[in-house]
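Naming follows writing order (A, B, C and D), and every chain is counted from residue 1.
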Amino acid sequence: MIEFTAILAWPFLLAGAFFFIAGTLGVLRFPDIYSRLHAVTKADTLGLGLTVIGLGLLSGSLRTTLLMILVWLLVMASGATACQLLARYERERPQVEDENGGR
Amino acid sequence: MTEFQLFLGLGLLLFLLGVHGLVLSEHTIRRLIAINVSGGGVFLVMVSLASRGDSVDPVMQALVVTGLVVAVSATAFALRLGSALTRAESSDREGDH
Amino acid sequence: MAVVDWVYDGLLALLVLGLAAGALYSLSLYRAVVFYIALGLVLALVWARLGAPDLALAEAAIGAGLTGVLLLSALKHQPNKARLMGWPWLPGLTGIAILLLLIMMVKAVWGLPQGMAAVGQAALLAVPESGVEHPVTAVLLNFRAWDTLLEVLVVLLALLALRQLTLPDETFPDAWPLLLAWSRLLAPLSLLLGIYLLWRGADAPGGAFQSGALIAAGLLMLRLVGLSPALPWSRFGVRLSILIGPTIFLLAAMATASLGAGWLAFPPDWSKALILLIEVAATTSIAISLALLVGSDSRELNQ
Amino acid sequence: MNWALLSLALPLLSAFWVLLVRRAVSETILFATLVSLTAALAAFYQVQSDPVQTLLLGDWTLPLAIRFELTSLNALLMVLTATIHFLVGLYNRFSRHGSGRYSDYWPLSAVLHSALVALWLSRDLFNWYVTLELLTLVAVALVTLSGPKAYRAALGYLVLSLIASLFYLLGVALLYGEYGVLDLDRLSALAVDSANTRLALLLMVLGLMLKAALWPLYLWLPDAHANAPTAVSALLSALVVKGPLFILWLTLTQIAPVEFAQQLGLIFALFGSVALLSGAWSALRTPYLKTLVAYSTVAQLGYALITLGLLLRWQTPELATALWLFVIAHALAKVSAFLAAGEMQATFGSKELIAVRGASQSMPLAMFAFAVAGGSLIGLPPSGGFLAKWILLQPLFAEPAHWPWALAILLGTLASAAYVFRVVALAFDRYDVETELPQTDALAQWLSLLPALVVWGLALISQPLMLWLSTGANP
C-alpha cells in the first residue's frame, strides 16, 4: 500500500517541479509585468499544489497532509492578492520609462 | 571538506563581501544592507559551527537569535535615522532658497 | 544520498552568494533591496538545513519580513541617487584584497575540530533542570537569561532612540478592497500563530522573539492598510506594554537575588511559571516595540 | 556582590519608572544614581575584605553560566561611573543650558549607566557583545538629542559601531568554535597559540579599537562627541569609549598567546604614540571649542593605548595600574573640560573657539574649571593625570632602551600643553572684550569645576588608590 502511494506520488512531484521551472522561466523571459505575474502565480498555485499532493502521498500522515494543504491555501491566497496588487499598481502608475521599477 | 566547512567558508566570504560593500558605498540604505549581509555571514559561521556535533548546539543557536534581534533593532533605528537625515537636509536646502 | 545532499547544499550556497552579490552590487538600489529580502528567505532555508529551526523562524519573520518592510519604506524617503563609489580601480583592488583575506581566514579556521562545544553539551545536560524542555528556550530564558534581558533592553532602546528623531511623516495611500480583506484575515492569523509559537516554545522551536516578530508583522500589516489603531507613546497603556517585558525581567532578577538564590536563579518549582510570565511580558514588549520601530512616525512617538 | 547588583539594577529600574509615569523625571534619576553610587561604594568597601568575588548567574555551573566578577578595580570603575553620571546629571538639571527636566536624556543616561556597570561586571565574551550593542545604541540616542544637526554624526557613528560589533562577534564565534566556551577564565585556561585564535583575536581587536576610537580608527569620534549636547559629550568621552578598552585589555591579557600579544603590543604602542601627536595636532588646528576637546580625547586615548601596548609588549601586568589610573583621571578631567566648554559655548552663543576670548573675565569659574582639568590632561603634578604618567614613566626611565617611548610621551605632554594653553591664552586675551557681558550661570560653572577638583584630589589618596588598582587589575 505504502509503495503504491509512493509510486503515485512521483508524477505529482515531477509535475509540480515542471510548473515551478516553467513559472521561473516565464518570470525571466516574458516581456511585460502582466504576463510575468501570470507565470509566477501559476507556479505558486499549480506547482505548489501538485507538490503538496505528492508530498502528502509520500508522508502517509493525514495531519501532515492537512497542514500542507493549509499552507498551500495561504500561499495561494497571498499570491492572488499580491498579484492583483502588483497588476493594479502597474496600471495606475503614471506611465513613465523607469528602469528601476518606480520608487 | 564537510558540510560544516562549506557553510563556514561561505559565512566568512559573506562577511568579507559585506565589509567590501560597506567600504564601497555611500548611501545609507546600501551601507545598512552591506552590514546586514556581513551580519548574515557571521551568523552563518556561528550556525555552521553549531551544527558540527550529532545534535545542534543550542547555546550557539540562542546566541544567534539574540544577535538577530539586536541586528534588526539597530538596523531599524539606523534606517529611520537615515530617513530623518534626508528630511532634515532637504528642509535645510529649502530654507536656504 | 550524499550526492543529493551535496547538490542541495551547493545550490543553496550558490544562491546565497548570488543574492548577496546582487544585494551589494546592484546598480539599482531598489533591486538591491529586493535581492536582500530574498537573501533573508534563503538564509532561513539554510538555517533549517543546518538543523536550526528556531533560527529559520526568527530569520523569516525578522530578517526577511520586518527588515524588508523597513528597507522599502526607507527607500521611499531616501531617493535612489547613489552609485557605488567613483574610483574605477577601487572595486577591483579591494576585491583582490577580499580574496586574499578570505584565503587567509579559511586557512586559519580550517582545522576547527568537529563535535559539539563544551557549553553546548553542558546546556543539553542541564535542560531537565531548567523548567522547559526545548534546549534553545532553556538557554535563552534560563542559562543565559541575562543576555536575553539585555537584548530586550536593546529593542526598547532602539525605540527610545527613535523617539528622539524628527521623522518624516508616514502616510499610506488608501488600501484597495482586496488588500483590506486579506489583511483582515491575515492579521488575526499572525496573532494566533504568534501565540501558538510562544506557547510551543517551551518544548519545540519557537519562543518569545519569533512570536513577538510575527505579531509585530501582523500589527504592521494592519498599519499599512490603515486599520491599526494609533499607539501613541503619550498613552499610559502603550508605554506600559512596551516597558513590561524588561521591567518584569529585571524585577524577577532582583527578586531572585534578594531571596538569596542569586541573580536570575529561578527556584526549580517556580521556574516554569516564571519563565512563562517573563516570556509573555517580553513578547508583548517586543511585538509592540518592533511594530512601532518599523512603522511609526513622529506624531505618534514624540509626545 | 549584592551591593554591586543593586548598583547595576537601580538606574535601569528608575529609567523604566520615569518612562512609565513621566513625573519627577530628573529627580528620580538623580536620586537613583545617588543610591547606586552609595551601593557601588558599599560594594567597594566589601571588596576590600574579600578581594575577588564571583557570581555565576542563575546558579549554573561554569561553562554554562555567565560569570560576574567583582574586584577592587571594577568596583572602583562602578564608583567612577556613578559619580560621573551623578555630576553630569546635576549639571544637566541645574544649568540653564541643560536638556530640561523632562527630556529623555534622563532615562537614556540611566540605561547608559547600567549598561556600563554590566560591562564592568561581566566576564563573558558574548555577554560583552550585547552590552557593547547596548552602549552603542544608547550613545547614538543621546547624540541625536541635540537635534537634526547631529544626525549625520550619529549615523556615521552608528554604522561604524555596527560593523565593529560584527568584527567582535565573529571573533567570539571563532573562539567558541575552537574552545567551546565563552567564559574568560575558561578561555584563558584553554587558549593555545593557533592560527584560528590569532585570527579571532585580531577580529575582536579591530572591532574594539573602532568602538574605543583608538588610533587610527578614531575618525568618527570628534564629530559625534562635538555635536552631542554638552552633558552627553561629557558622558561619551569620559565613559563610553572606556568600555571597549576594558574588554580589549582583559581579552588580550587573558587569552592572547604571549608572542602574539607582544607583536600587538608593539603596534599598539606605536599607534598610541601617533595618536598622541596627531590628536593634539588636530586639536591645535580646529576652529571649534568642543571639537578641540573631542580631539583631546583622541590624544588622551593614545596614552591608554601606549600603556596597554607596553603592558603587552613586556608582559608586565603592573602597568595596568597606570592604564586604569589614566582612564579614571581622564574621565574626570574630560567631564570638567566638556562641561566648561559647553557652558561657555552656550553662554557665548557660538561654537567657535575664538568666542572664548576674554572668558577669564566673563566666565572666570568655567575657565578655571577648564584650566584645572587641562592641567590634569597635561599631567601637571599633583593631579591624577600626573600620577598615571609617573607610574608609566618610571619603568621607561629605568632602561635606556625604553627611552624612545618616554620621549614620545613627553612630546605628547608638550602637545597637550599646547592645545590647553591655546584656549587659556585666548581666554586671558583682553583685547576687544565685549562691553556687554553675557548673562552667566554661576551654579553651572561651579558644577563643571567639581570633577576637576576631584581629579586633583586623587593625588591626596594616591597611595591607597594605587594599591586598589594594583590588586584589582591583576586578575
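As a working rule, a residue touches a chain if its C-beta (ideal position, glycine included) is under 8 Å from a C-beta of that chain, and two chains touch if they have at least 3 such contacts.
Everything numeric in this text was worked out from a predicted model, so none of it was measured.
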Comparing A-C with B-C, the busier interface by C-beta pairs is B-C
Rounded to the nearest whole Å, what is the centre-to-centre distance of chain B and chain C, using the mean of the C-alpha atoms as each centre? 12
How many angstrom lie between the centres of chain A and chain C, each centre taken as the mean Cα position? 27
Taking each chain's centre as the mean position of its Cα atoms, how many Å separate chain C from chain D? 31
Multi-chain contact residues (two or more partners), chain A: none
Residue numbers in chain B touching two or more further chains are 18-19, 28, 32, 49, 59-60, 63, 66, 70, 73-75, 77, 81-82, 84, 88
Residues of chain D whose C-beta touches two or more other chains: 64, 126, 130, 133, 137, 140, 144, 148, 151, 174, 176-177
Once the touch criterion is applied, which pairs of chains come out as touching? A-C, B-C, B-D, C-D
In the complex, chain B residues that touch chain D: 15, 18-19, 22, 28, 31-32, 35, 38-39, 41-42, 45-46, 49, 59-60, 63, 66-67, 70, 73-75, 77-78, 81-82, 84-85, 88, 92
Counting only contacts in the complex, chain C reaches chain D at residues 104-105, 107-109, 111-113, 116-120, 122-123, 126, 142-147, 150-151, 153-154, 157-158, 160-161, 163-166, 236, 239-240, 243, 246-247, 250-251, 253-254, 257-258, 261-266
Where on chain D does chain C make contact in their complex? 2, 5, 9, 12-13, 16, 19-20, 55-61, 63-66, 68, 104, 107-108, 111, 115, 118, 126-127, 130-131, 133-134, 137-138, 140-141, 144-145, 147-148, 151, 174, 176-182, 194-196, 198-199
So in the complex, the part of chain C that touches chain B is made up of which residues? 5, 9-10, 13, 16-17, 20-21, 23-25, 29, 32-33, 36, 39-40, 43, 46-47, 50-52, 54-55, 58-59, 62-63, 66-67, 70-71, 73-75, 77-79, 81-82, 84-85, 90-91, 94-95, 98, 101-102, 105-106, 109-110, 112-117, 119-120, 123-124, 127, 135-136, 138-140, 143-144, 147-148, 151, 154-155, 157-158, 161-162, 165-168, 207, 209, 213, 286, 290, 293-294
In their shared complex, at which residues does chain A touch chain C? 77-78, 81, 84-85, 88, 99-103
